[in-house]
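Both of the next two complexes hold subunit A, though its partner changes from subunit B to subunit C.
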Partner chain A sequence: MVQQKQVLKLYKNLLEKAYKFDNYNFREYAKRRIHDSFKEHKSLTKPEEIAQFYNNGINNLALLTRQSTISQMYTFDKLVVEPLKQHK
Partner chain B sequence: MYKSNIIVRNLHRISNNTSIKHNLSRSLATIPSTIPSTNTNSSTSSSTSSSTSTKDKISQKDSTSSGNINVVVPPSGASITLKSATRDASKFGTRPIYLDVQATTPVDPRVLDKMLQFYTGLYGNPHSSTHAYGWETDKEVEIAREYVSKVINADPKEIIFTSGATESNNMIIKGIPRFYKKTKKHIITTQTEHKCVLDSARHMQDEGFEVTYLPVNEEGLINLQDLKNSIRKDTILVSIMAVNNEIGVIQPLKEIGKICRENKVFFHTDAAQAYGKIPIDVNEMNIDALSISSHKIYGPKGLGACYIRRRPRVRLDPIITGGGQERGLRSGTLAAPLIAGFGEAARLMMLESNYDKNYIEKLSNKLKNGLLSIPSTQFNGSKNPNYQYPGCVNISFAYIEGESLLMALKDIALSSGSACTSASLEPSYVLHALGADDALAHSSIRFGIGRFTTEEEVDYVIAAINERVEFLRKMSPLWEMVQEGIDLNSIEWSGH
Partner chain C sequence: MYRSFLRSAALVRPSIKLSQQSIRFYVTQPITKDEVITRAFDALKTVATLQESKISLESSFQKDLGLDSLDTVEALVALEEEFDLEIPDKIADEIKTVGEAVNYIYEEEQKL
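Let's look at the complex of A and B:
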């Protein structure tokens, strides 16, 4: 049985990894997709369904960890819509 | 700066070559009196540095009012400049926004994740049947084949992997007629097909086949009655693309398939732009052959596939012969990493189809509304949403040359048509086929929206295009004449 706390932790961890993408488009997509996916499955009640969704999320967390790391290894110039970080 | 140079030169060319009865001199007074020499330091992609230098030079000019020949000033009356009027460019990145997903799409990180296994550990040849290295890659290839076939509701055995949609189109358009050449001599296609289909068809004409190129209406759709009338007793193949690569219209595949099946003619569709993006069912639509490209669905480049029906059997002469892989239709070792990536991309297209569709539709409507609110613009394609793929938005901006608008839009990666033809300055043959005149065909731009386009990018594009269209039109004598209510068609242009 998956606890509510675990699901919330998964959501937080996924978003954390999504923010690590260096590529603007992939980062924005990951954030949007994670958010919408949790919203879409908010009403799940059956324990098996929740477990399936949760396990899927765990797999995606592993994927995001790998891919966000790769994205940080090969970086390109920022897009014209991306504000540059100012170091003061 | 470089952009405006060209426009200025073009305007001078116009003024030199034409004598217009209308008072053109007043319009031309808006052009800076000096033609600046080509400035080399602004030809770099770094817009930040060049924008600041432009500003510096303009302010210099203002303060000294000297006739410095390196100074380009906007035409008098223009409240804006080509470089970001509304914000400080130095606080933002320099890489352009990608809005050309009809040309190719970025590889989805999930696809790359799948492919990396093959570049690190799973390196066996899928055709090596004697050891485990071969078995494991073969298994993955077959899983990918199944995902690819599921998107179009085909049997996995009917999928042949090729090097891309161009090879698939060549293989089908040359292969099928060649196999049946003893009895059949006629091929039907349309005027708005992709170059590789048109060129293959032309090639078959050299081999003695007759080809009918069906015209399209102003929305880009073929007339079904035309198709029925052009089918002859010796017609072997009808090849009509599913989604047009330049204007995004969706041909009525089901009706075409029905006509072809009734007349016992093979129906091939080039679905490079359609695969996974619009619902396609090869059985329901009676499609006998179909071309697919991997890099249009966020998969790896260098791979495609074609579907070739087994029942009733479609036979063809293979172009590439050899070891007899892929049912003997396309020999050569399969590229397992690419195929696995393609399979994953196809699986994701299915998994995300609703989500992507809603999202792309939302952005597309926003972009369309934002751009069509500019006066004298025209949407190219079908008004009926059932016949238009929303991810492709082709718009004509009258009184502006598409190429000069593209030059002014260095911060957005766009194309004025298909990538294969945009290198030449010739207007698009697709728009010509729709009945558009030269001017309109020249002034059209294609916007492609995909899975990874963000709303922020669309907002930026709408603002940028509004700004620059206004700028370019202020420089255009034609636009000024139109504003004064002069009918351009009534002017007698005399060339030298």
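Let's look at the complex of A and C:
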């Protein structure tokens, strides 16, 4: 049985990895995708379905970890749509 | 990434040894509470479900801003990324309002 705490933890881990993408498009896509799929499956009640969704998420976390690490090996120019951070 | 680079660059304090005494040529201003608040609010605005909401220090994530448990996690991750720190689970569970989050971040920033 997957606990609510574990699901939230997975959600947090996924988001943290998503933020690590250097490329704006990848980063925003990953954030949006994680958000949307958790919202979509919010109403799951059967333990088997939740477990399946949870395991799926774990696999995706591994994928995100790999890809965001690779993403950091390359440099990307900032896009015009990206807000520039003002450093004082 | 860029931010963390700047942060680490700022932490390296070059010092020159002059007669056994090291001199630092500049000081880094500690972050002010107002700055924490503005940056925190800006970061929270990037969370999709918070874009339209009126954020204040007193507003509670779940009650006033109408976030569910997922959105609350999302808001906290946005704050973590903005300030380049990690909020441990135990403390994250206790943070219920924007003000509490800001206070925690402010205290952590003072320790740097």
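Throughout what follows, the second predicted complex is superposed on the first by the 88 of 88 C-alpha atoms of A that agree within 3 Å, B and C clash if a C-alpha of one lies under 4 Å from a C-alpha of the other, contacts with A are read in each partner's own complex, and residues count from 1 in each chain.
The rule we apply is simple: contacts are C-beta pairs under 8 Å (C-beta built on N, C-alpha and C of every residue); 3 or more make two chains touch, one makes a residue touch a chain.
Keep in mind that this is a model prediction, so the values were computed, not measured.
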item	value
Which of subunit B and subunit C A:Y19 touches, first, second, both or neither	second
Touched partner set for A:K42, first subunit B, second subunit C, both or neither	second
Between subunit B and subunit C, more extensive residue contact with subunit A	B
First (subunit B), second (subunit C), both or neither touched by A:L8	second
Which of subunit B and subunit C A:M73 touches, first, second, both or neither	neither
Partner chain in contact with A:E82 - subunit B first, subunit C second, else both or neither	first
Touching residues (chain side subunit A, partner subunit B) in the complex	21, 24-26, 28-29, 33, 36, 63, 66-67, 70-71, 76-84, 86
Complex contacts: residues of subunit C adjacent to subunit A	1-3, 6, 48, 68-70, 73-74, 76-77, 80-81, 89
Footprint of subunit A on subunit B - complex, ascending	47, 91-98, 106, 109-110, 112-113, 355, 411-412, 451-454, 456-457, 460
Sites on subunit A touched by subunit C in the complex	4, 8-9, 11-12, 15-16, 19-20, 22, 32, 35, 38-39, 42, 72, 85, 87
